[in-house]
Amino acid sequence: MAREHSPRRKALLTVAAWTAGLLIFFPILWTILTSFKTEAQAIADPPLFLNFDWTLENYAAVQERSDYMRFLWNSIVISGASTLLGVLIAVPAAWSMAFVPSKRTKDILLWMLSTKMLPAVGVLYPIYLIFIELGLLDTRAGLTVVIMLINLPIIVWMLYTYFREIPVDILEAARMDGADLRAEILYVLAPMALPGIASTVLLNVILAWNEAFWTLNLTAANAAPLTAFIASYSSPEGLFYAKLSAASTMAIAPILILGWFSQKQLVRGLTFGAVK
Amino acid sequence: MHLQKAACAAAALSLFAAGGAMAETLTIATVNNGDMIRMQGLTDDFTAKTGHKVEWVTLEENVLRQRVTTDISTKGGQFDIMTIGMYETPIWARNGWLAPLDNLSAEYDVDDILPAIRNGLSVDGTLYAAPFYGESSMIMYRKDLMEAAGLTMPEAPSWDFVAEAARKMTDRENGIYGICLRGKAGWGENMAFLTAMSNSFGARWFDMEWRPQFDTPEWKQTLTFYLDLMNEAGPPGASANGFNENLSLFQQGKCGMWIDATVAASFVTNPKESTVADKVGFALAPDAGLGKRSNWLWAWALAIPTGTKKEAAARQFIEWATSKAYLELVAQKEGWPNVPPGTRASLYANPEYAKAPFAEMTLKSINSADPLHPTVKPVPYVGVQFVAIPEFAGIATEVGQEFSAALAGQQTAEEALAKAQALTEDAMEAAGYR
Amino acid sequence: MATRRSRAAARMMMAPAVVLLLGWMLVPLTMTLWFSFRRYLPMRGGDLGWAGFDNYVRFVSSSAFWPSIQATLVIVGGVLAATVALGVLLALLLDQPIWGQGVVRVLVIAPFFVMPTVSALVWKNMFMDPVNGLFAHLWRLFGAEPLAWMSEASLPSIVLIVSWQWLPFATLILLTAIQSLDREQLEAAEMDGAGPLSRFVHIILPHLSRAVTVVILIQTIFLLSVFAEIFVTTQGSFGTRTLTYLIYQRVLESQNVGLGSAGGVYAIILANIVAIFLMRIVGKNLDA
């Protein structure tokens, strides 16, 4: 029996929520708006909100200077491949942790998470030397592996918490019915695990997309993704707000759009075991 | 199997032959300054002339430095050409990390390169990096505001005059600040300026026994003068302003004077970017009557790491990018005021270029800097606004953070100097100097 | 149901992940440990021999060490406090019936998709710049002298930027938790005359404790290694030099890999202390 909500209360809450939402979103909105201004309009006093001459010149300037599509493609390949690889390795691990837990399961999980705390700068030289040795510098393969390893603990953790919520009874029932392991996974568990895997994939694509230390330090011309693209716009000479905004918009737009379209899936699985 | 291998080899051979023995793809790391961006746009000219292609890795200065230093010190071999400065060149060359740029072609005319710049990029008389552009520092000022303040800028002003003018020009109500100086921490930011300034006040980084000198009255005078001036006549938040921030302030007409790199002159006089393009005058960096002016000397230069397999092509690129012909190419496309300045005597002899209002003062500033004898008292190091030892960048950035904090009002000049002295002593001890 | 066979199978399934992560941890860790006992100065010709514990002593005795620990803890603590507090409020708000809930949710999660470098650049230049930043315009509108954020309020600025990035994450996790709350229990409490505040304190908050734990745990892992935001904004000046940034300065600015590696070992120790602390104090929640 739901409570009656007065329209006035709903209106008030709506206003509050929208205000909060717009405030949080404002920096992004402002960046997008600024990207369509001229450099002079971008610093106009008082600031111009919508009343300016919209122009695409910044995007043209950015594209002329750097080949956006190449950076974009590298970002897509690296974040996609590292996530895929990570999930392939993490699913069995999370699976066994969730369904055949042992005393050490939790320790292993926490240990995995703790590997994420190693400060990246501290191991730059070691990793760089290893990459030279293996010929992996400035290759998408090398970056894919590194990003995968960085995110693997998070992937395992997410999948584990998700798998754990799958009732074991169902498995046993399926086994009673004579299902073998393959059938068990394919027909019983996969459908239930899919939302969790989907949101894991999404979260990790985002994390991989935004990783800005290794992607910058291990690449040169061939494998550089959008994080390197933005590094060439961070403080050029003279007025640069509009061009910086255009470059920023180009760097975040793909992932922002992906995120928005798939936010339901993302949110559904994003619990990390927070909900029981 | 054997057949296949042979076929492969034959295919490879024919490819090699078809490509003309030498068509290479060069990977060049460079900084995202305007002149380099322009060079990127002109790469097609190089490709048309030589057949070599170029892949650019353009990064913001700090990222670039971290990237190329890691690569060269581990022999990573990611870049065929690196853009480095006057600070790195002697250190890297001594480590044997750079290919010497000897045997340059006659038409390149290496003797045309300004002596001060060439010396700064050479070790024992051998050039290791070719200057793409060179700079000193000078005063850029607003003629209209100077006139309104009832003053005339001499060609070679003293610090006292600059301070007086700055105070008179300041009009906070209207967002006009008498002087804009670097305050952002970094060895190439506020410390470049302050080290050069300290030279004119008779201070130095180290004495002949490598003892840090921040506890001397000269440094105290330098820092106090700087802090007082900035507090009274500087823009708000100056402790976060580096070259770029000040440039944009000046272009917006918010600075009365700005003492910074001579290359800024072409930006502040470019009507497309600057709102004050026709009102800018130039003067030599100030002095305190001790015989040294407060201008620095710097060049961004192109160098080839040893071990690259494409050294021949890389040389061709460097000759192209730092040649007289390149200057003409830029002049033809973008006009003479936009050519990369400060490297060649012939450029300043060119009557077309001399029309630029800043040409003469730039040359005078560069010529008046002496990296071999930068200070009033003798020092064991070379470099005007830096000390060419590997530890300097790290030390100076930390010292710069202390000075920057003093500018932000978080500590006094004395506290900042005491901390600077302590941390420099510590670092020099760690490096085994003392 | 855990037979010996299934245990063996489980181990097999876990093996790739464990082995890979072990390698990812051990190889760099061993090299870091090795370097930390060497005089490794790339600019002076590389490995110059054994250094004993010199690097460890020097790293800690530097005047920058304790302030860097403090800055690290302030940033981590500040961001955690801000994101959890605001996250709870936002989650409560988004849980209410409002018009356009989907759109508001989209707006709220957006910062999570923005690269740290981009968000730091945008905040630093377009909002916090003391001359052209939007905040400066806003301050002047009210007749105040614009604040030089990066120098006068450096730590709060960084906390603000990082919190902005992590608020969506906290909000989403907390929102999921709130939505799983038993409505009948709440309504029963309301029937019994419990006010909104007492309902919040006695029913909602305890229910959220597990979610808060998760938010703190996951965020701490990421926050301990915050780097881009500092690199882009203050470059470690004005008291924003965290342990991670100090290591960066030692390794890349001073080109002293041995010293930086010793710092790296300290950072691992700090991370583990924090991890154990988290496990002991709040980790219990996860077992429940």
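Just so it is clear, A, B and C label the chains in written order, and each chain counts residues from 1 on its own.
Keep this in mind: a contact is a pair of C-beta atoms (placed from the backbone, for glycine too) under 8 Å apart; a residue touches a chain by one contact, two chains touch by 3 or more.
It should be emphasised that the depicted structure is a prediction, and the values quoted were computed from it without experimental measurement.
Visitor: So what shape is it, when you link every pair of chains that touch: line, ring, star, complete or other?
Guide: Chain contacts: complete, every pair touches.
Visitor: Looking only at C-beta pair counts, which chain-chain interface has the most contacts?
Guide: Maximum number of inter-chain contact pairs occurs for A-C.
Visitor: Of all the other chains, whose mean CA position lies farthest from subunit C?
Guide: With centres defined by C-alpha atoms, farthest from subunit C sits B.
Visitor: Can you compute the centre-to-centre distance for subunit A and subunit C, using the mean CA position of each chain? Integer Å is fine.
Guide: 16
Visitor: When the C-alpha atoms of subunit B and subunit C are each averaged to a single point, how far apart are the two points in Å?
Guide: 36
Visitor: Go ahead and note the Å separation of the Cα centroids belonging to subunit A and subunit B.
Guide: Each chain's C-alpha centroid was found; their separation is 38 Å.
Visitor: Which subunit C residues sit where two or more other chains touch them?
Guide: 42, 132, 252
Visitor: When you check subunit B against every other chain, which residues touch at least two of them?
Guide: 66, 70, 74, 248, 252
Visitor: Which residue numbers or ranges of subunit A touch two or more of the other chains?
Guide: Each of 43, 124-125, 129, 231, 234, 240 in subunit A touches at least two other chains.
Visitor: Of all residues in subunit B, which touch subunit A in the complex?
Guide: Contact set of subunit B toward subunit A: 27, 29, 32-34, 37, 40-41, 55-61, 63, 66-67, 70-71, 74-79, 242-244, 247-248, 251-252, 264, 267, 273.
Visitor: Taking the touch rule as given, give the residues of subunit B at its contact with subunit C in the complex, in rising order.
Guide: Per the stated touch rule, the residues are 62, 66, 69-70, 73-74, 91, 95, 175, 184-186, 235-240, 245, 248-249, 252, 254, 390-391, 393-395, 397-398, 400-401, 404-405, 407-410, 419, 422-423, 426-427, 430-431.
Visitor: Please output the residues of subunit A touching subunit C within their complex, sorted ascending.
Guide: 1-3, 5, 10, 13-14, 16-18, 20-22, 24-25, 27-28, 30-31, 34, 43, 45-47, 89-90, 92-93, 95-97, 99-100, 102, 106, 108, 110, 112-127, 129-130, 149, 152-154, 156, 168, 172, 206, 209-210, 212-213, 226-227, 230-231, 234, 240-241, 244-245, 248, 251-252, 255-256, 259-260, 263, 266-267, 270-276
Visitor: Applying the document's contact rule, which stretches of subunit C touch subunit A when the two form their complex?
Guide: Residues of subunit C touching subunit A: 1-2, 6-7, 9-14, 16-18, 20-21, 24-25, 27-29, 31-32, 35, 40, 42, 90, 93-94, 96-101, 103-119, 121-123, 125-127, 132, 134, 137, 141, 164, 167-168, 172-177, 180, 183, 187, 190, 210-211, 213-215, 217-218, 221-222, 224-225, 227-228, 232, 243-244, 247-248, 251-252, 257, 260-261, 263-265, 267-268, 271-272, 274-275, 279, 283, 286-288.
Visitor: Residues of subunit C touching subunit B in their complex?
Guide: Against subunit B, subunit C makes touches at 41-46, 58, 62-64, 129-132, 145-146, 148-152, 231, 234-239, 241, 249-250, 252-256, 259.
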